[in-house]
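One structure is given here, and the rest of the page talks about it.
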Amino acid sequence: MTTQTIAFNTDRKLMKTGLNRIIGIGLFLLPLIWMDLTTYLTLTIAGISLGMLIFLIASGLTLIFGLLDVLNLAHGAFFAFGAYAGYTVLNFFNSLGWIETASLSSSLFYLVAALCAAAGVGALLGIVTEKLVIKKVYGDHLMQLLVTVGVSFVIVEILKIIWGVNDEVVPVPMGFQDSFILYGVFIEYFRIITIILGVGVFAVLQFFLKKTKIGIIVRAGVENREIVKTTGYNISRIFTLIFAAGAGLAAIGGTMMAIFNQSVDPGMGDQFLIFALIVVIIGGMGSVTGSFIGAIIVGLSFNYVAFLVPKMALGVNFMIMAIILLIRPKGLFGKD
Amino acid sequence: MTKRLTLEEQNKSNTKAMVNNPIVYLQAGVIVIFAVMPFIFPSFRLMDVMAKIMIFTIVVASFDLLLGYTGILSFAHGMFFGIGAYCVALILYHTSAPAWYHIIFAIIVSLVISIGLSLVISFFSLRVKAIFFAMLTLALAEFAHILGIQWTSLTGGEDGISFVLPSIFNFNQSLGTLFNTRINGRLIVYYLILVCTILLFAGLLRFIRSPLGRVLKSIRENEPRAVALGYKTFGYQIYSIVFSSCVASLGGILFSMWLCYVNPDSVFHTAIMVNILLMVLIGGMGTLYGSMIGSAFLIITENWLPGLLKSIASLAPENIIVRNMADRWQLYFGILFVLVVIFFPKGVIGTIRSILDRKQQMK
Amino acid sequence: MNDPILSLDKVHTHIGQHHILQGISLNMKAKGGATILLGRNGAGKSTTLRTIMGLTPASTGRINFKGKAIENKKTHEIARMGMGFVPEDRAVLFNLTVEENFRLSMIEENEKTHENLNEVLELFPALKKFWKTKAGLLSGGQRQMLAIARVFVCDHALLLIDEPSKGLAPIVVDQLGESLLRIKDKTKVILVEQNFNLARQVGSDCFILDDGQVVFHGLIQDLALDKTMMKNYLGI
C-alpha cells in the first residue's frame, strides 16, 4: 500500500466516522420525540447502566474471542456461576444481619467482597475449563463451539447440584436501595455504581491491552504465536490467564446482575449470553471498544423501546443486530 | 444391442450387490423391529421411547445434513423443530372442531414458515462467517424460546398447550383389537410416525446421494475449490438449509402429535439443541445413519438413567449431595458430550467406517 | 572454550507423515563467526532451525545447547536459555508498532537492553524514523531489518536466522550483509541462506544439507573452489 492510498483511506475513514457520529447522536436523541425530557433522562441513565452490566459480560466474551480466537459459549455459565457466588457472599452477610442496616459505604464494602469472591470463582472455573478442555481445541472453531456448549451444560448442572434449581432472592445492601434526585430525575445509587464499574473496566482493559507489556505480548500472541514463543514467553500460560480474566469478568457481571435483578436462577446464563452475543456481534468480534459501544446501544434501545412499545423490547435488539450486520457484516468495530 | 445387454448386466449386478449388501438387511430388520414392537410388547413406555427415537432420528439426520454434509453449524435447527410442534398445537388448539385437514393445514403453515425463515437465515449465512452464523442462530433460537414464554396470549406461556388430535388419531378412540393389542389413535399415530420416518429418511439419503449432495460434500471439504470449479456454493447451501429446516419442522409436527402437548422448554430450549448435537456427535457427523444410533442411545439412557441413578442414590439416602448428583442426570450427558467431542469426534459410525477403510487399505 | 555451543546428534524430525530430517548431526563451536546452512529448497534447512528451536520437535536424536540437552524443552524455555530466532518471511508483528515490536523482544526492560536498543537503532536508522508506525505498513526490506533488529536487543548466545535475503532487492541485501557482519563478531550466528555471495561474505564454517542429511561440512572458501559440489547441491 502506498502512502497516498493510506492518506486517502484515512481521509475517507475520517469523513465516514464524522457522518456515523452524527447519525449516532441523531438516533440517540430520537426517542425525545415521544417522551418528555425527565423520562428521557431517567431511561437514559437506566439504559446506560443496563448497558454497562451487559458490557461486563460481553467484554469477557470479546476478550476471549479477540485474543484467543475462541468463541466461548460457556460464557453464560461462568456468568451464572459468578452470580451465585456473589449471592452466596451477600447471603452470608445477610445471615449476620448486616445487609439490612448497611450504610452506603459499608454496602460498597459488601459489594466489593461479593465481586471479589465471584471474580475468584469465575477465574478458577476459567482456568480449569481452559486447561482441561479449551486447550485441546485451539484453532478449530467448530470443535470450540461444540465443546463449549457441552461445558456450559456441565457447569450449569453443577450449579444446580450446589444451589438447587429454584430462583433465589438476592439480599440487596440497604445503601444501594436509596436514590437521589438530580434535576427532577430519580437516580438510584446502584445504577451509578454500575456505570462507574463498567467504565472502569473498559478503561482498565484498554490501558492493559494498549500500554502494558503483557498487553503487547497478548496482542502479539494472537497475531503470531510462533514469534512470541521464540522470543521466550510461555504462551500457553498467557492464554490461560486471558481465559481466566474473561471468565472472571463474566462472573463479576453475574454478581452485578444478581443485585440489579435482586434474584438469581440457573437459566440466567443463557439469557444474558444472548445479550452478550448480540453486543459482540454489533460491536465487532474481538473489539473491546466495539463491545462498549454495542452494550450502550443495546441497553439504551432496550429501555427506550420497553417504555414506548413494551412488547417490542426484546425484538428491537435483534432488529438492530440484523440491520448492522447487513450494513457491516463484521460489526461496527470489526476488523476487515 | 450390446449397450442394452450391458445395461441389463449392470442392473443384475446392482441387484446382486443389494442382495449381498448387509446394510439392506439391517435396514429391513430395523424397520420390522419398529413395526412389530407394539404388538410384541404392548407397553406404553416402550412405545413412547421408540416413537421418540424415530422422531429424533429424522431431526438429527436433517441436522447432520447441515453440520456433517454442508459444514454449517446452526443453533436454530431446534427452533424449526419447535416451529413445527407449535404449528400443529396452535392450530388444533385454536380451532373449535379440529378435523384431519387441520393437520394438513398445519403442515403447510409450518413448511411455509420454515422455508421463509430458513431463507432469511441462509441469506445471512452469505453475509457472515461461520462463527458469526453460529452466534446469530443461537441468538435467534433463544429469541424464539423467549417469545414462546412471553407471548402468552398465543402460546400459553410456560404452561404450554395441550390439545386433542382429530378423527382417527384421537387417542381415546378405539378401533377394535388385533393380536391382543388395542388399535387406538395412539397406535395409528405411531405408525404414521414410522411411515413418515422411513419416507423422510429415504428422502435425506436420496438428497445426499444426488449430485447435489456430492457438491455439498465438496463444498464442505474445500469451499474455495468448489467455487473455482464453477459451483455457485451459496445456492447449494440454501438448498440444504431450507431442506433440512423443513424436515426438522416435520419432525416437530410428529413430536407434538405424539405428545399432544407442547411447552417452550420442551421444544425451544437450548437443551434440545444440545441433545440433537450430542446425538449427531455420538452417531458420527456426516454419516446420516449415525443419527439412528445417536438418538437411540440418548433417548434410551434418558429414559432409564434417572431411575438407575435414583436406585444408586438410595444406597446413601441421607447425603444431599449424592441425591442431588443423582437427580442431575443431565450432568453426565454434558460430561459425555465434552468427552465425545474431544476424544471421539468421529462418532460410532464414523469410527467403524474408518476402521473398515483401514482394513481395506491393508488388503 | 572449544566445547561446541550447539550440537545435534542423529536428529530425525517428522512433520505429519513426512520424514524431513533423516539423522542430522552437527557441531558448532562457540567462536568463529557465522555458520551457514546451504542446500536446495526442501533439503531441511528451515526444519533444522525449527527443530533446534523446539517448534517442530525432533522425533529422535539429541540436541545440546550450552552443554544441556534441549530436545525435550519447550520453545520458550530454549529461547530463555539464550537462543534467538529470526523466522523466514520477515516475521514481525504487523499489528504492533515498531516500538512495540522492540518492547516485545525485551524480556527484561533494563539499562542493558535499552543500551542495546540504541546501538541497534544506530545500525538501522530507518527503524527509528518509523518508530510509531505499525510494522505491517513498513516495506519488505524494513520489515526484514526489524525482524533481525528485534533479536539483537537481547544478548543471545546463539542466533538462528532463516533466509534473511529472501525476496529483497540487491542493494538491501548489501545493507543486510553489513549488519550481519557486525553482529557475527558479537554473537554466534547460524544462517540459512540461498544467496551464496551473502553467505560467503558473512560465513566461514558451512554445512550443506540434502534430503534431510548433511552431505558436506567444511569452510565456505573451500566449497567455492569445489565446482562439482557447487553444481550438484547448489546449482551454481
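Which chain is which? They are A, B and C, in the order written, and residues in each are numbered from 1.
One rule holds for everything that comes next: a residue touches a chain if its C-beta (ideal position, glycine included) is under 8 Å from a C-beta of that chain, and two chains touch if they have at least 3 such contacts.
Bear in mind the structure is a predicted one, so any value in this text is a computation, not a measurement.
Farthest from subunit B, judged by the mean position of CA atoms in each chain, is C. Ranked by how close its mean Cα position lies to the mean of all protein Cα atoms, the top chain is A.
If you average the Cα atoms of subunit A and of subunit C, the two centres end up 44 Å apart. Centroid to centroid, with C-alpha atoms defining each point, subunit A and subunit B lie 35 Å apart. In this assembly, the C-alpha centroid of subunit B lies 56 Å from the C-alpha centroid of subunit C.
Across the complex, subunit A meets subunit C through its residues 1, 6, 213, 216-217, 219-220, 223-224, 226-235. Touching subunit A in their complex are the following residues of subunit C: 53, 55, 74-76, 79-80, 84-85, 87, 91-96, 100, 103-105, 107, 109, 137.
Considering their complex, residues 71, 73, 124, 127-128, 130-132, 134-136, 138-140, 142-143, 146-147, 150, 270-271, 273-274, 277-278, 281, 321, 324-325, 328, 330-331, 333-335, 337-338, 341-342, 345 of subunit B touch subunit A.
Every residue of subunit A that touches subunit B in the complex is listed here, in rising order: 71, 73, 133, 136-137, 141-143, 145-147, 149-151, 153-154, 157-158, 160-161, 164, 270-271, 273-274, 277-278, 280-281, 285, 314-315, 318, 321-322, 325-326, 329.
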